[in-house]
């Protein structure tokens, strides 16, 4: 059972890594970006191509996936996304769904509809036992990387000037702009960074989550659950929500396979009923 | 003992660490012309929001004509005759004045849930709406979208809505705020023409209006009732002057 | 307060004429009937459009569509094959679902509501999957045979009876929706959307009204789903799928929310577009659909709808002119 807990944590941390970009986009630009999963998919496919066809070591593909996805984000934000910040949420949803459709179709065109695999190095394919718990080294690697990144994120947010500017811009963009903070630059860099993280998560987790063209749609609901339940005003909110979701999903699929996803949705609805602003949001946050 | 129109007992409202309303016990008599004054930020609008149910009090009770309405939802208070105007116009931007007024009257007459007969076919409501719009000199604009109307006319519409609701207790939140002097006459005439059985609580900064209109006054400072009395008593009260001299005087 | 009508009522307000049937409306319905007469072979396509339009009017929650669809199909299979009774059953079933889930959508932000709506649809999907003995699962419910409409008109493979049936139902429900929009209830809903604070301040119980309209939308969506089940004699998991809602969203983007005829127009455009695009490149029409969606949103549907409004106004003015001409010549 502890193995399941371990697997669930790995899954949850991966979800968190990818969803954190979505949380920031929603909290900062108030933009519901359903295409966020496509950035993760982009990173995953890059890693698959690099590791399989060009023999690039797995660990090296991770930062490359980050940069790739971040670059795409940096291009799309000022050209497309920025025009829609003031639009009603429905328009943003429709827009991002359109992007997803295009991404899925394009990916199918270039890579076919079958699942792609990332070539994992041998040292990540081992399993070992610690105090009776089966631990896969791949999952352990995921947890370690994600934990490091989470801590780094928290440090960036709280200790750096960029982090302060970001938090100011999230709280009140008009006032932040009035203080001389270049809100456009903050938005651009944050969006790119969030997309990069998604790409990194996609590459890191391709073997765990399954990489095929329908990835963005399959997992979009999970990312949305993380953000809706965890709120967008903290890092710990989505983190806990992701962990909960990851563990619940893994445990559910193991113990009650026919009802697995079902329980997640029920729990989510109940949570949102009781606390419509999410489990961890500050009162008055979005 | 005659029933007060509106009475509060120890009303309090806290927002986190800030106490916006402190133990306010105010009585508005039947047919009153009661003014609520106080420096900016004293909590006057907060008090009105508490009375109408937009905000829930942290403590205390509210009674409308003897009935405890503390837990009653806002829309039900309106149906009991507790009507307010907003300091910042709250109108239906997409509707025309005739549509707004017809809706208000139809709603008042209990026809709000009618799904089948078109609003414009509710002849009684439409006739009354037209008559009211004429009284407020808005008849020429009755088919113009509210968002296109100038500020003064929108303010008139705001007041017209309140009158159309046939209030028993009327809370006026700075009715002439921002209205040019030339256009405020209609509003003032309306206030004077209000039936004597309607109880009015007027929030205003314009002291001329207050002294002309009100017979009783309450002064709110920092969320608490500072002093209360007849208009003459308050006018002569040196402490009230001191409280007001603390801020720049507005026209 | 009944007094004699004031003198100025003679120069009457435009408001009193707001429920008049506009000439473009007649054109739309005439075209819809003409489609069947002139292109009977395309009846199944017209049928699709009609069902989609009805679904769009209901704002398109797949949960209701799917519920109505399965309710009608199962009802026909196990209880009684009469289509009209089945339609009523489906409407009630979906309406009940709307009523029960309405508290869920009254609270929270846009994101919360989106998640809850999605969640409900996904739960239903999983349930239908789980109980595939009853629902037929992914392969679909087999053996649904519809009885003849009103005992007279049998549903044939050519789809003409099907389309006529759908069109009539669409028309009737549309007329009903139009009445509701112009009624005090409809105005109250618009008021809530325009300024909820003010709506409450004139005595409107916002939550009750929203719950009521959500229930009604549920019933409408259920009827749309039932029409699909009855005219195609089939129901499968596909009706609960997200793409149903996504389709409607595209319809609404094109047609604009809040315009009844927008849904109709959008349904036509969407179906035609989808058919043309999938004929062009069958596997990758999704790409073009996505592209269209992106472009439409970027351009903005107000700008897209403007030519249609101008067209409608032009019709109106011509009708008025000819009416005035008739009056003058008397």
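Letters A, B and C mark the chains in the order given here, with residues in each chain numbered from 1 onward.
Just so we're on the same page, a residue touches a chain if its C-beta (ideal position, glycine included) is under 8 Å from a C-beta of that chain, and two chains touch if they have at least 3 such contacts.
Given the structure is predicted, the values throughout are model-derived calculations rather than measurements.
J.: Could you work out which chain's C-alpha centre is the most distant one from the centre of chain A?
T.: B
J.: Point out which chain occupies the most central position, where each centre is the mean of Cα atoms.
T.: C
J.: Report the inter-centroid distance (CA atoms only) between chain A and chain C in whole Å.
T.: Those two chain centres are 35 Å apart.
J.: Taking each chain's centre as the mean of its CA atoms, how far is chain A from chain B in angstrom?
T.: Centre-to-centre distance between chain A and chain B: 50 Å.
J.: Rounded to a whole Å, what is the gap between the Cα centroids of chain B and chain C?
T.: Centre-to-centre distance between chain B and chain C: 41 Å.
J.: Name the residues of chain A that each touch 2 or more other chains.
T.: Within chain A, no residue touches at least two other chains.
J.: Mind pulling up the chain B residues that touch chain C in the complex?
T.: That would be residues 52, 54, 73-76, 78-79, 83-84, 86, 90-96, 98-99, 102-104, 106-108, 111-122, 124, 126-128, 130-131, 134, 139, 142-143, 161, 165 of chain B.
J.: Residue numbers of chain C touching chain A in their complex, please.
T.: 103-104, 107-112, 114-116, 118-120, 122-123, 126-127, 130, 242, 246, 249-250, 252-253, 257, 283-284, 286-287, 289-294, 296-298
J.: Hey, which residues of chain A end up touching chain C in the complex?
T.: Answer in residue numbers: 26, 32, 80, 83-84, 87, 89-91, 93-95, 97-106, 108-109, 217, 221, 224-225, 227-228, 258-259, 261-262, 265-266, 268-269, 272-273, 276-278, 286.
J.: Can you list the chain C residues touching chain B in their complex?
T.: Those residues of chain C that touch chain B are 1-3, 5-6, 8-9, 13-19, 179-180, 182-188, 190-191, 194-195, 197-206.
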